[in-house]
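There are structures below to look over.
Two complexes are shown next, each including chain A; its partner changes from chain B in the first to chain C in the second.
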Partner chain A sequence: MTGKIRQYFSKYHALKAWLFLSPCLVVILISGAWPLLRTFYLSFTNTAIDYSSAGAFVGCDNFSNLFEDPDWWEAVKNTLFFAVVSVSLEAVFGFCVAFVLHRNTHFKTVLRAVVLIPWAIPTVVSAKIWGWMFHDVYGIINRILEFVGIISKPISWIASSELTMVAIIIVDVWKTTPFMALLLLAGLQSISNECFEAAKVDGVSTWRLIWCIVLPMLKPTFVVALIFRTLDALRVFDLVYILGSGDLSCATMSVYARRYLLDFGEVGRGSSAAAMLFFIVALVSVLYFTISQRNLRKVNK
Partner chain B sequence: MISKWRIQRFVRHSFLAFFCVLLALWCLFPFYWATVSSFKVGSEIFNTNFLPDSFNFCNYLSVLQTSGFGKSLANSAVIAIATVAIASLLALLAAYPMARMEFRGKKRLLFLILSATMFPQVAVLFGMFELLRFFDLYNSREGLVLSYMILTLPFTVWTLTNFMRQVPKEIEEAAIMDGASKLTILFRIFFPIMRPSMVTTGLMAFITSWNEFLFALTFSLTGRARTVPVAISMLSGAGQHEIPWGNIMAASVIVTIPLILIVIFFQRKIISGLTTGAIKG
Partner chain C sequence: MEKNLRTLRTATFVMISLFCLGPHDAFGNQENASEQSIESVQKKPEIIIKITCGCKALQLKLCQQAAEEWEKITGNRVEIITLPNESNERLNLFLQLFRSKSRDVDIFLVDVTWPGVLANYLIDLRKHFKEKEISEFYEVIINNNTVRGRLVAIPWYVDIGIFYYRKDLLKKYGHKIPTTWDELEVVAADIQNKERQNGNSRMWGYVFQGKSYEGLTVNAMEWFFSVGGSVTGPNGESIIDVEPNRTMLERVHEWIGSIVPSGVLGYTEEEARGVFQSGNAVFMRNWPYALALLNAPDCHLAGKVEATSLPAGTGAGSGHVGTLGGWSLGVSKFSQHQREAVAFVRFLTSYKEQKRRAIEGGISPTRHALYKDEELLTKQPFFAKLSNMLGNIVLRPAVQFGHLYNQASAEIFNSVHSMLAGNRPIDSALKQLHERLSLLLKKVGKQSRECFDGQD
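Moving on, here comes the complex of A and B:
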């Protein structure tokens, strides 16, 4: 019996495996690998979108032009600021939400559906809805702030790039805190209940429970969630494009790259920006893999 | 003693309840506000009443009559469903060897597929643009489906591989004893077992392609392939400063309703889809 099975498994030809894989791999190569390689190649040429220039090889000109462009550095600064601030806010709020949901069993099912709604709403739609709420004259947010007495006259949220960035961060926190919360909730649920019960019996205060038991045990999940969100935040496009009306003053790297690629038609320059973004994201991913690997090793010890 | 403990419990419970109410308000208010605004007509939209004077469907009618919005809705649905179908089939085929067969380079391949889920979209934007124009797929629904493969396929393969690994070996061994071929095993045995997981990945793929904006904006030119997010971003009034907020809010509500239904009915599946990738990674 087992002999027959072993014989069958030994007949597993690698060829068959690749046969099953091939349709998927072909599609990934066409839709992912080839366009990515093109981007790298084009970033060393002076191609224009209408192919009016020959697309000659220009070495690293695009990159040196890019690094001399204050708009690019502004985009880098905006992206990093956005990523750091929004991801840290989401981590804090996400943890609070996860912790409460974990303890509160009465409304768990309802609340889980409720927190999923901001995540499921298309980003373009959330940007439009919040854009309307942030409207300087008729927006509900200014009215509420005035009513509560925090501001004396309406704020024009989209007039300055700083305030626009604040608005963008608020919307992003609203939209992606659920993702963070649900990941952390799954992590919390994998901690055995005995830990919580033991702490309860010993009369440990909630703060100590969080600092000394929950956070250390949640660390692997936290690291993964933070990296996922950071990678997402680094490539942010929709929110910034809609709320910032495509302006370069509060653009992120993705918006900057798309502006040059399609609106200005300077494909070489845009590709070099896209390639830079790719390398930054790759760098963060590598960081993530080394950290998670180290975590695994610790667990194995 | 007991009364003190009761007071403490009461305080804690009311604090928790307060937090939950606040959370629900924070999550739901924007959508509620969009719904309210979508029912307000004329200058009513500029007041901040929390309920509209009457449920007036003017904005909805005017959006649906806006040339192309209905077509965009159909485009979004067709593209999302095609993306789900193709990605599910290809990923099921690919997940089988990944989870159940031994071959050289498997680990490296799985790693590459996982990395592809973290891709910045803009890095493939122009290459894809060229490719679609070359194949004459620019401004077509097929072109958008092709471009959505890179957004959905790696994630689907990764998740299905993880799910398939959990299926006990015995089930497969019985079929091997009966001399079933690989394809038979995959479609007769794994497919029924994997169906719940495939619903999860399918929902994630559906939401991804329904919500996608950057590719849809770049690879569509006219109403022929335009999806709803792009249509909404382009809704504008007669003049530059006359933004038709009522219409935009009505359109937003229309696009969001399918997603809210999905969230309500498939809550558990979506949460498992969100967390498997991260927890097992």
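Moving on, here comes the complex of A and C:
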């Protein structure tokens, strides 16, 4: 009898849960699944903005053209380079900032707000501002470097593809370090104070404290933060689009996809690039999750 | 607590009822509202024409003035929609609007390279303009705007690449205006070095548009044609990989860092003007719009800047050329007020309005008669020179590449940019560019046969 009632109630609860979830699921289906499926579908057609017989099924033509295009592989290379360099720099700087904020108890609230400013400015706006700061003739960055004596004549930051990449990474690190710092700060605060006090009593140096206590305990937070940032970095668009001056030699995958989708109006080809971008991002996230799962299992053992 | 809740509930109720009733009724404007409805029954509802007409301050002002004038005459209303500064972004925006069959814009500002791309979305203006009216415009631009027999846009103003020079600096160091690229190199280097010795350490010889965008294709066209090179042959095949083009590109590559700032590879028109206007360059390639701004009374260069044709090469087939730019006005196929929109286009491109724009803004007209207008020539003597230059224009290969022009142009500017930046050797990059353009030409031939035959 009781079993039947329990069954009835659990069924009822499950139904209720689905009922409450359904509006959210519908929204996700409309805003997430539908565009995604449509992109996959379009990537197998020759749909184009200004080409009337468009929309015919062309099999894997788009993908084979994509793989034959050296510009695409350049874009993949650029994206991976950007993601690896910027995320590692952000992790290091973010940790430093978080650690300092954690120890400094006097101005914590104020500092936390101040640190967030770069993150709060819309990327397009900060990219434009940085673009002017990097300008070779009036840019303030060249002025400062010249004044300090690091360079003797102005560098044209956003003219050559290598320096543009450097500039893009600088701006991204400036912008996202606060995000990383806040995530890690939350992790630091969850470490019980006793650990720090015990270390203090034992007279452990700060380096050893970081290396042997803080970092291992912060690992789960770190993994989550890195996943977030890597996925974000792989999709990077606005910074590259504005600072990269439309130059293909420093374009990322999303800039490449946009080029075909909008500039050239070849929706089919652009969709195939977008689909590939999706698969690469998915692959990386699966990789991350397996690694972190394995780590967690190790910790649990 | 309970009181708070009640207040909240009342507030919500009031807000919802306000929302449902609409602004008129909710604020007690009952009388006004009823008056309006009577008026709208008696009078024809006013028509709102939405137009895109440039974004630079001067353009916008002139357009607003014209709109007000037209509003007074016809009683219709004009709404000006501002546009992004960069032409590629404008085109993207337009294509998105057209793709969604948007009725939000009636009149579109069409670049000289877009007729092929936008033809399917614009109405045929030959049905609204008489043959005689059309013949009053420059034929080159009318031909450019005619796609498969349909005139998709009426020329509004013309642009041509011109060569700006600092009169005062040429006089100070005893130089003549350079007419060949060789002379340009000598004069630019000399003035640049002497000015630097005299304390202006940021002085450069020459600036142009070198960012990887449409403007670089424009500049490259001028380089190629000024030395007897070309991009497409008489039968519509790619002939970009020829000796004159190669030597010219090598020459420009050598300029960068010596007489041209290396930042030029990130400059558009406005960045180049910024450098020139702050007194940091002797020569500049730009469109005519900069002349009025440089000679404005509040600019410290006023009276020191003049413009002429761009320098030329010295080999066979060389000449002083400028790339044709400029904008036309087209009416959207999806517009709900096509008749009124055409009327406004006619008003904006009329003799009187183009003359006003030329006098007040120095904007170059598209009607040949205006270049012989006494009053205009006394007020803007530069137009006498410009009418000569309009005889030596270079067209970007928009007709040859048709709806694939954007891809062709992107191939050109990306490739030229990497050559100038020294990322790729010019020889092999030019060969690859030739192959890619040939491929596009083959594709455009096939697709236009497939899709556009028998349309209209």
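In this section, the second predicted complex is superposed on the first by the 276 of 301 C-alpha atoms of A that agree within 3 Å, B and C clash if a C-alpha of one lies under 4 Å from a C-alpha of the other, contacts with A are read in each partner's own complex, and residues count from 1 in each chain.
Here is the rule we go by: contacts are C-beta pairs under 8 Å (C-beta built on N, C-alpha and C of every residue); 3 or more make two chains touch, one makes a residue touch a chain.
Values in this document were obtained by computation on a predicted structure and should not be read as measured data.
Once chain A of one complex is fitted onto chain A of the other, the partner contacts of A:Ala159 are limited to chain C, with no touch recorded for chain B.
Within the superposed three-chain model, A:Leu66 lies out of touch with both chain B and chain C [touch as defined at top]. Judged by the touch definition given at the top, the superposed model places A:Leu21 against chain B, while chain C stays out of reach. Look at A:Ala167: by the touch rule set out above, it reaches neither chain B nor chain C. More residues of chain A lie in contact with B than with the other chain of the pair chain B and chain C. Using the contact criterion defined above for the overlaid structures, shared-chain residue A:Ser249 touches chain C, although it does not reach chain B. Contacts of A:Leu116 after superposition: chain B is touched, whereas chain C is not reached.
Contact with chain C, but none with chain B, is seen for A:Asp263 once the two complexes are overlaid on the shared chain.
Of the two partner chains placed by the overlay, only chain C lies in contact with A:Asp136; chain B stays clear of it. When both complexes are overlaid on chain A, the residue A:Val240 reaches neither chain B nor chain C. The contact surfaces that chain B and chain C form on chain A in the two complexes overlap at residues 135, 137-138, 262.
Of all residues in chain B, those touching chain A in their complex are 16, 19-20, 23-24, 26-28, 30-31, 33-34, 37, 45-46, 48, 90-91, 93-94, 96-98, 101-104, 106, 109, 113, 115-116, 118-131, 146-147, 149-150, 153-154, 157, 173, 176-177, 182, 186, 207, 210-211, 213-214, 218, 228-230, 232-233, 245, 248-249, 252, 255-256, 259-260, 262-264, 267, 270-271, 274-275, 278-279, 281.
Within the complex, the chain C residues that touch chain A are 88, 91-92, 95-96, 98-99, 117-118, 120, 202, 210-213, 261-266, 271, 274-275, 278, 280, 403-404, 406-407, 410, 414, 417-418, 421-423, 447, 450-452, 455.
Chain contact summary for the complex, chain A toward chain C: residues 49-53, 135-138, 154, 156, 158-161, 245-249, 259, 262-265. Residues of chain A touching chain B in their complex: 1, 4-5, 8, 12, 14, 16-18, 20-21, 23-25, 27-28, 30-32, 34-39, 42, 96-97, 100, 103-104, 107, 109, 111-118, 120-126, 128-130, 132-133, 135, 137-138, 140, 143, 174, 178-179, 182-183, 186-187, 190, 221, 224-225, 228, 231, 234-235, 237-238, 241-242, 253-254, 257-258, 261-262, 267, 270-271, 274-275, 277-278, 281, 285, 292.
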